[in-house]
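In structure tokens below, several structures.
Shared chain: chain A. Partners: chain B in the first complex, chain C in the second.
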Partner chain A sequence: MELLQLMDSALRLATPLLLAALAGLFSERSGIFDIGLEGKMLAGAFAAGAFATFAGDPSYIGEYWSVPIGLGLTDPLKIPLGSWGVWSVWIGLGAAIIVSIILAMIHAFASITLRGNQLISGVAINFFASGTTVLVAKQWFAMGGNTPSLDGSQRFSTITLPGAEAAADIPVIGPIYEGLISGHNIIVYAALAAVPLSWWVLFRTRFGLRLRAVGENPGAVDTAGISVVKLRYSAVLIAGLLCGISGAYLSLGTSAPGFSPEMSAQRGFIALAALIFAKWSPKGVLGAALLFGFLEAIGNKYQSIDIGAFVIPVQFMQALPYILTVVILAGFIGKAIPPKAGGEPYVKER
Partner chain B sequence: MKLFTTLLAATAIVGAAGMASAQANPAVIFDLGGKFDKSFNESSYMGAERFREETGIDYAEFELQSDAQREQALRRFAQQGANPVVVAGFSNATAMNTVAQEFPDTNFVIIDMVVDQPNVRSVVFSEHEGSYLVGILAAMASKTGTVSFVGGMDIPLIRKFSCGYVQGARSVNPDIGFIQNMTGTDGSAWNNPVKGGELTMAQIDAGSDVVFAAAGSTGLGVLQAAADADILGIGVDADQNYLHPGNMLTSMMKRVDVAVYNAFSDVNNGTFTPGIQVLGLAEDGVGYALDEYNEDLITDEMKAAVEAARAGIISGDIMVHDYMSDNTCPEE
Partner chain C sequence: MSTVTETNQGRAPASAPVPPAIELMGISKAFGPVQANKDISMTVAKGAIHGIVGENGAGKSTLMSILYGFYKADSGSIKINGVPTEITDSHDAIAAGIGMVHQHFMLVENFTVLENVVLGAESGALLKPSLAKARGELKRLAEEYELDVDPDAVIEDISVGFQQRVEILKALYRQAEILILDEPTGVLTPAEADHLFRILRNLKDQGKTIVLITHKLREIMDVTDSVSVMRRGQMTATIETSTTSPADLAEAMVGRRVMLEVNKPPAQVGETVMEIKDLCVKDSFGVERLKSVSMSIKRGEILGIAGVAGNGQSELLEVLGGIHPASGGEILMGGEPIDLSVKANAGHRRERGIAHVPEDRHKRGLVMPFKTWENTALGYHNLPKYSKKFGFADQGAMLDDARGKMERFDIRPPNPQLIASSFSGGNQQKIVLAREIESNPDVLLIGQPTRGVDIGAIEFIHQQIVNLRDQGKAILLVSVELDEIQALSDRILVMFDGRIQGERLPENTDEKELGLLMAGVNPEDQQ
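Let's turn to the complex of A and B:
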């Protein structure tokens, strides 16, 4: 039973990592390193929290959904609210995806079109998101950078899968189905479904083949008459989409009642570690995200583990994902070889 | 002629400034959470506002945006002749220790930390006493016989909350189960509501049905998880009962506003005293929140027990151990 609870918690904790790591997978497989996963998640989490508030609480700014894009210079944009309240969680999700894609496109423009340094651009996005979210949150809501508490239709509710109650009494399978598989929100299931989908896209479609090729040898792809730029832009776009969902999960799909400053709490970097640990494969990403989620769940449940001879402090459990990544990078458990053209801007002719 | 008028006006302003320095010219600095954090800083803002309403004396304010600004902000206010300069938050101690020596004629006030300078008043709260009271309420409200605590950053101050809480709970039921989790060991532990929620769910799985959150924004995740699972949560610092009516047992209130208000008006009345000032139950510096959101959850029996304990602590009959006095807690 305890193990089931741990795995249940691991699944919830793995979801944002899984989505962000898949985002990194698409981007990096196309040859664009993405340090900015963290920033895109954070910006997405804020957009989700803010727009779910606007949509779900008409009393907040009146009958109109008034977007202060004019910054006081012109009248704010007024969009009538009507009965959008029930859709607020989806509006939040949509806003998160849009904001995250905008940031992804900035990253793409800097690193593909302008051939800038991909790491610097990613770091810039992280700083930008960390500062801007708090600034805008204070401006809009004046709650010290938090968004107002969300409830009801402003958050993703848990889904009880059909027959879960009835199946609970069946030995072994019942509790697993009822306690572990059922009772999560839709993003958790979507993240799990995204794994085979990503595998199929990357390894069973023409687009995926080209995307992988462009990360290994963009020159060859270009010679075949396929646009390297377009492929890389699409890959980064997909990364933006997945990061946005991951961010929306943080503010709308967990126990956090809305956005709070720095709520991504380095998950974007753990996702990067998971991606390397997974050696850039979708199947591996699933395993790595679940493993890291499981380690975090253990750290949450047993803060110090007494194994008789000595006590393992909780800090060790928290550091374990990073230690494992270093071990992998050092080549002790297999070898993690990144896409060959990763980090290199493609120049048609030198 | 025009120059003369300007000069006259300038003299008048200088004169007015000279007059003003006879009474208080207060300044308050808000810590990193921001002025409207629904908690600590907002509470000091309320205290400053109350002073302004009652006396009509305006005050200067500054919101810290980064650690580097702590010393700057203090020094700037002192240079401008502000008196007293009040700042809430234990992270400001080093900066204040430096600046207070540079401006020996200015009165400084720090809340939640002790700075040993002749012109500094250090206001500390007896959080263990307030936590003891909510611990009593938690133990009486618990049906499962297990209560729990989620702290933010693992520092002695937060352990002080936890230790007072478990002592209060054990005073009602010596066998009551107690689970304690700290969110982390660095500043991000105050801003991780997702992890706060996970910790709470783990505690619920382990049988807890009353959880006390002393964890800043992380606490919002704790209280949300408690409400989602339909158990009871306990808020901290400000009255947070309104967050989830029906699932909020109470809040452990820490009256930062009282500390700020007292500092301002003491200087204004010429009764300012430096040194350590402890605000406990007797001074109404800490307490438990009872309002329309939780009155249905607090029975008469619970109210009687907690009031008896309050009287006992004030009279000295009940001694609540302060974790920070020796960094140990008698109850596990």
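Let's turn to the complex of A and C:
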């Protein structure tokens, strides 16, 4: 039972990692390194929290949806509103996706169009998101950078799969179905579904073939008469979309009451580690995200693990994803070979 | 004379003139201040093999890249089969029936042959039908043109010769009627090159038009119908191949009479200066690159190492030059062993009298954004002649020294303050050569001395190498250009798969025999 609870918790914790790592997968397979997963998640989490608040909180809902833009504007922005309250969580999700995509497009513009350094652009996005979310949250809500607590239609509700309660009594399978598989919100299931979908897109479609090619040798794509720029923009766009969903999950789909400062808590970097651990494959990303989620679940549940001979401190569990990544990168367990053209802006050679 | 009305159906009557496959009119292209192409006009007849020769930097590749839509011309127009055609990107070029085999292959290395062929020419949004269609088509093309390649092989696992076939297949799969090949034989063994030329003649017989860019005059003479010569961005001549000679072409390329033979007095061979015994090298993946190689070099001789690129020659140079540690064996300089461990770097080798002109001068020979005087001192910057008291660098001495070197090696423009990247390939190579030769080594290692170097400079560099030999120095020459090896060497070793495949004297061998050795075949075994 305890193991089942741990696995249930692992699945929830793996979800944002999975979405962000898939985001990184699309971006990096196209040759654009994305160290800004963290920033996009955080900005998405804030946008989701803020807009779910606006849509669902009666104090913001009247004849108009008045968005307290502040920042010099005297009158709040007024958007006529019907009974949108029930859609709060979806408005939140939409806002998260839009904000994350805007950041992704800034990254794309800097690294594809302007051929800037992709790492610097990613770091800049992380700092920007970290500072701006708190600043705007304080301005809008005056709650020390938090959004108000969200409930009801402002949050993703858990889905009980058909027959879960009835099946609960069946030995072995019953508890697994009821306790582990059923009872998550839609984002968890969507993230799981995104794995085979990503695989299919990358390895079974024309778009996927071209996307993988542009991350390996953009010259081959260019001389085949395909636009390198468009392909890379589309890949980064998909990354923005997935990061937005991941961010929305953090503020609207977990036990957190709403957005709080730095709530992404370096998950963007763990996701990057998962991506390397997975050697840039969708299947591997699933395994790595679940493993790292499981480690986090253990860390959350136990303060330390006594295995008789000695005690493993919880910090070790928290550090384990990074340790594993270093081990993988050092080439001890197979070799993690990144996309060959990754990080390099494409310039037609002379 | 009655004019024949041409119809679009069927073939035009034989008496009607067939429009040329390619017609370039007044093409100009500048990269910043460099005028790469100046008002170039050229016509290539349909069904011909047309050569374009010229020195490096003469603008051949730029011109063809414009035709392929890789670059956009500043002015000028293009007609394909008599039809004015606007080519703004490679997509337009492919649509106009033009295919190009680039000098550096445009292949995705971890994709299969099939995936590479299909890339950009897929028949729908899903891959499966595209791949199935391409598989059938590849089979047909393979039979028709001697272009058999395993469609499921991964590119990085097949040889460069096969990779090149994939490039040709890519173009044919896109129904190219005009095929441009940019320096196609640089990476091939002589036998592979012969196979390529057979394929090209085959394609020509099928009515395809072929443009061959090369700097090897022999290939032009062997395979082309007509040839255009380019010099400094301009087209200086277009001639029927049968009416010209290599000497005339070389003159047209350089603008003056060129000595194609190296002026080389007989070698005065002295005692052994360097001895290599059972040298082994592993690369970073643990793969053996040198498998127990032994050789010795004497004073006053040029030892040429022939071989197709990637058979261990680069590793040999790197170990001797102190860039890569050895995994076994020993090297003796004047009878004394030298340290081959990781600790011993290029600096230690210099102290032992080994100078190194690396194969890749951009990566290893020069610091491109550094000034000439810095580059001529680098590696030797700790010598007393470049130092002042308390270990400060004597920049004045470095500058003076650089000025002298630039004069003696005819490096143009002779300004030591210019950065290395602002020089032409030939002058960059002369900077490296000046630094290493004037360090007065016992052994000079020299890799690909004339890669990317124009004919005029080749002459000069070859002469410098011979002069150094005549001063009683030992020279280890590695080159993938067989002509160069044959012209310069006093003794030739052929490397294949990390081993010495055979040793020959240049006067007792020929290209065919060396070619077989380079392919790993022992000519004696064949009979």
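A few points about this structure:
Note that in this section the second predicted complex is superposed on the first by the 336 of 350 C-alpha atoms of A that agree within 3 Å, B and C clash if a C-alpha of one lies under 4 Å from a C-alpha of the other, contacts with A are read in each partner's own complex, and residues count from 1 in each chain.
Operating definition for what follows: a contact is a pair of C-beta atoms (placed from the backbone, for glycine too) under 8 Å apart; a residue touches a chain by one contact, two chains touch by 3 or more.
On a predicted model such as this, the values are computed, not experimentally measured, just so you know.
Contacts of A:Gly219 after superposition on the shared chain: chain C is touched, whereas chain B is not.
Using the contact criterion defined above for the overlaid structures, shared-chain residue A:Thr113 touches neither chain B nor chain C, since it reaches no partner.
When the two complexes are superposed, the chain touching more residues of chain A, out of chain B and chain C, is B. Using the contact criterion defined above for the overlaid structures, shared-chain residue A:Met263 touches chain B, although it does not reach chain C. With both structures placed on the common chain, the touch criterion links A:Asn300 to chain B but leaves chain C unconnected. With both structures placed on the common chain, the touch criterion links A:Thr205 to chain C but leaves chain B unconnected.
Chain A has no residue lying at the interface with chain B in one structure and with chain C in the other. Considering their complex, residues 33-38, 41-42, 181-182, 184-185, 188, 191-202, 205-206, 217, 220-225, 228, 243 of chain B touch chain A. Only residues 203-210, 212-213, 216-217, 219-226, 340, 348, 350 of chain A touch chain C when the two sit together in their complex. The touching residues of chain A, when paired with chain B in their complex, are 2, 5, 9, 12-13, 16, 138, 142-146, 149, 250, 254-258, 260-263, 265-266, 296-297, 300-301, 303, 315, 318. Against chain A, the residues of chain C that register as touching in their complex are 31, 68-71, 89-95, 100, 102, 104, 106-111, 115-116, 118-122, 124-128, 130, 170.
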